[in-house]
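Chains: A, B, C and D, in written order; residue numbering restarts at 1 for each.
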Amino acid sequence: MDDFYKEYILDHYRQPRNFGSLEGATAVAEDLNPLCGDRIRFEFKVDPNGVVEDVRFSGRGCAISQASASMLSETLRGMKLADVARLDKQTVLDNVGIGISPARLKCVMLGLKVAKSAALGEIAGWPEEEQST
Amino acid sequence: MTSLAPADAKASRVQLDFPILRKPTSRGRRLVYLDSAATSQKPQAVIDALVRYYSEYNANIHRGVYEIAELATEAFEEARAKVARFVNAAHPAEIVWTRNATEAINLVSHSWGLEHLHPGDAIVATQLEHHSNLVPWQLLAKRTGAELRFIPVDERGVHVLDNLDRLLDGAKLLALSHVSNTLGTIAPLERLVDAAHRAGALVLVDGAQSVPHFSVDVRALDLDFMAVSGHKMLGPTGIGFLYGKRTLLEAMPPFLTGGDMIRSVAYTQTDFNQIPWKFEAGTSNVADAIGLGAAIDYLNELGMDWVRAHEVRLTAYALERLVELAERGLAVYGPPGAEPRAGVISFNLGDIHAHDLASILDTDGICIRAGHHCTMPLMERMGWPATARASFYIYNTEADVDALIESLQKAAKIFKLA
Amino acid sequence: MTSLAPADAKASRVQLDFPILRKPTSRGRRLVYLDSAATSQKPQAVIDALVRYYSEYNANIHRGVYEIAELATEAFEEARAKVARFVNAAHPAEIVWTRNATEAINLVSHSWGLEHLHPGDAIVATQLEHHSNLVPWQLLAKRTGAELRFIPVDERGVHVLDNLDRLLDGAKLLALSHVSNTLGTIAPLERLVDAAHRAGALVLVDGAQSVPHFSVDVRALDLDFMAVSGHKMLGPTGIGFLYGKRTLLEAMPPFLTGGDMIRSVAYTQTDFNQIPWKFEAGTSNVADAIGLGAAIDYLNELGMDWVRAHEVRLTAYALERLVELAERGLAVYGPPGAEPRAGVISFNLGDIHAHDLASILDTDGICIRAGHHCTMPLMERMGWPATARASFYIYNTEADVDALIESLQKAAKIFKLA
Amino acid sequence: MDDFYKEYILDHYRQPRNFGSLEGATAVAEDLNPLCGDRIRFEFKVDPNGVVEDVRFSGRGCAISQASASMLSETLRGMKLADVARLDKQTVLDNVGIGISPARLKCVMLGLKVAKSAALGEIAGWPEEEQST
């Protein structure tokens, strides 16, 4: 686990990308890890084609959850919302680069969980024929 | 030894896994343990699981970041998953750890019961219930103004279903034991669950005496709740569980509150965790949950079909041999034959009080139970001040039954019975 | 090794009694266990007591006529007597077995609380409480219309008593932790109990973090109730106890109901047993109660005065060495110095989140806790998202502190702190 | 324990002495052993000098509790009530003659407990100066 705290992780922890909130966000979700208290919030602005135009995240917590959310936020811009909803764990694991212990897996995955639930919540509000796009 | 029936040979091998059965009693005799309905003995594998936990990875769970805390959390949740698979629950979240079956029943009576019972509603039990599946409903009835009704049993302790639909009319809950700990009666669950559901009632099954002895499938039986004790199924004392259908558990308010069952807490306001943790307040009985997991592994290894077949065979043999004592005034209670009952036989011998009988048998290293077996109302209804009870499990053999018969003969002689 | 202080030499010998501390971790290091406030490790003597119980005299208690049932009953009730002597209760009947401190608090909130709290009454706690001594009172307040108030603490986590009498005005209960699990603060109990009693309130003390660490005399302190967990004082998981003054317990209605806590039962009516059994429904956690008895024997053997002195010394040493990390941005929380606190130190290092710190320390075989320590409202009040916490017990030595410091230095380097 | 079931114990069990109830009893008590369900009731008729003039017991239970109560009933007739209240366990143990296991001690002692509580209850109703006689 000490190998985990690489330069780029600490950089994302201390200078999180896309941090803050988004005027006119259309899709928002927030969650916390009740075991450790880490919180993440994702806000998306989605264009009429269902593409993530802009993204912000906010929250507090350990380097793992915050850096992982920060890196994820960079991936999300320009993605179709439907693809965000389908993102799998490997994406995030690829981002952070190194295997981590089961107890901390929840920290890595918190941002993903929140981003997906924001996307799913938004998609659920669409007319039915667009939901599978 | 060559004359041992194959099933008995297996039970003799099983015996070797139980340290308490390998040691002679204080009087130099081997221990003949015929009180498994009260609590079962524990195989070495279960004891080892406890020792391993405390010697290698004891830690508080769920919040620990370090390695042994992760190991403990994993083993604890894996034990829950084993329980879920054992009773065929749809998901481990449907299994809530409790101290014993009694606490599981209290959880439902407090959390679900206080919210759903109203004056005019009915709770239906049977005349066979253990106090643990009776007193909580008495109190719930008193607190909510609901009515408590009983499905009667006949002189053999067999359910009388003639008025079932009338009894269930207006019922919100049918709470009944799957197997009577006093008489061994196996309840006709399919019929009862179906009638209860048609009447709009939920069904809580007290599985304390069934789950240890034969395979119980909560989904096939469509049970809403089931309460079970670990210590009667080879597990440690201090651990048991409640099965509840996910949607029911999710809708229920918490019962015990405190650490671990919360999502977030402020000074004046609390959000609760998801199931099953919502119902598990404070530090869990981690070691004993893991121990119960080991007990389930052991039972699965034996096969629950073998367990049941062995007990039926042994019960049939015991019923057969007990006939030898008929002329001494032996009365055997409960359903006719071995098939419609679990491995439990209640009896009385002449005018010997059950406690005296148990004391005399104890001097021969034979453990039976005597008294009302926590079913005082049933005893009253049957007109028995007390009964003696022998109950069987995987480690009992025909030799145990033979020892019982011999010792009963001795008691008859001491008491100069005809 | 010749340079070891005498007290440390004793702790090194104590270490040998704990199998988990004799084995290297998966990374080949020795285990440095600094999380005893979460749960303690278990000495061989406690493990042996469990093994002996299951291997030699496992039986259901109180009703058994045969020999092993008598042995089990005796050992179980003797363990209760040991607990009673350990906290200087007037009688073993004043000790009720529970799963943990949380259940003990819930017992009081349900049984005593629902009967005695009314709209306009107050329950008073402190800002330091563990969720287990907070959430039950929140719910009780909600159910009864009582008001929940908090004795404040200052920035060091020390009780502010300026408005004590006003806070206690109209209070029926003062419920407070003897020792804060997050900051180690020892509550000024004499003063608080006196003020509460003068205001006509009863006092419930959460002794989860005090009873394991120094001698607590419920009669000298004139406590009305005290809740304690066995697993934090060398005992097994799954056992704890409630102390209650006899007259209070006798007047309280039962909480959990079922087998064993009854005197006589009819289908529609039940008389309850005497204390303590009135509160112990269903089969007790016999093995773990006996295990807790063995833990108390072990602590008595060491002497609680030595336990306290050892922890103060070790805490002082740790506080001293932590100063070396001040320039890296170390913040230490809690009361000033080692004397006014138990062996608990909460801290943060620079901008390293406590979870990251715990993960890095784990790679060195060092177990600390990180997070809110089940005191979310306190963390909020203090403005800390999380803290790291090291806590000491009888088996910790200065070498453990040295390992902690070294690993913290390494973490500071990884995170490139100043 | 099997040595315990001597001829005279069985005789008292099957032919309990002073069994039944007492017309005009002045002191009565009843108790049960909640662990096994044994019940004993004692009834005394007490003369103006505080002496037990007549005694009956009733109940049901094991040979140990019933024989022990039966033997005790024989001891009680003619005793001063104050002495009944002071009877100790040894009296009963002498009656039954043989050591028994802790679990069954409660059975032996049930009759004694009830007889003493009947005596104490009656004495408590006396004028204070007579209570210590």
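What we mean here is this: contacts are C-beta pairs under 8 Å (C-beta built on N, C-alpha and C of every residue); 3 or more make two chains touch, one makes a residue touch a chain.
Remember, predicted model here, so these are calculated numbers, not experimental data.
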Reference chain C; chain at largest CA-centroid distance: D
Where chain C and chain D are represented by their mean Cα positions, the distance between them in whole Å: 47
Distance from chain C to chain A - Cα centre to Cα centre, in angstrom: 39
Distance from the mean Cα position of chain D to that of chain A, given in whole angstrom: 79
Overlap residues in chain B, where contacts from two or more other chains coincide: 63-65, 67, 69, 262, 264, 355, 359, 362, 370-371, 376
Multi-partner residues of chain D (at least 2 other chains): 35-37, 101, 104
Touching pairs among all chains present in the structure: A-B, A-C, B-C, B-D, C-D
For the chain B and chain C complex, residues of the former touching the latter: 19-20, 23, 25-26, 31, 35, 38-39, 41-42, 46-47, 50-51, 54-60, 63-69, 99-103, 105-106, 127, 130-136, 138-139, 148, 150, 229, 231, 236-239, 256-262, 264-270, 281-288, 355, 358-359, 361-362, 366-371, 374, 376-377, 380-381
Chain C to chain A touching residues, read off their complex: 351-356, 359-360, 362-363, 370-372, 376, 379, 385-386, 410, 414-416
Of chain D, residues touching chain B in the complex: 1-2, 4-5, 10, 14, 35-38, 60-64, 101, 104, 107
Complex contact set, residues of chain D against chain C: 32, 34-37, 101-104
Residue ranges of chain B in contact with chain A within the complex: 62-65, 67, 69-70, 73-74, 262-264, 273
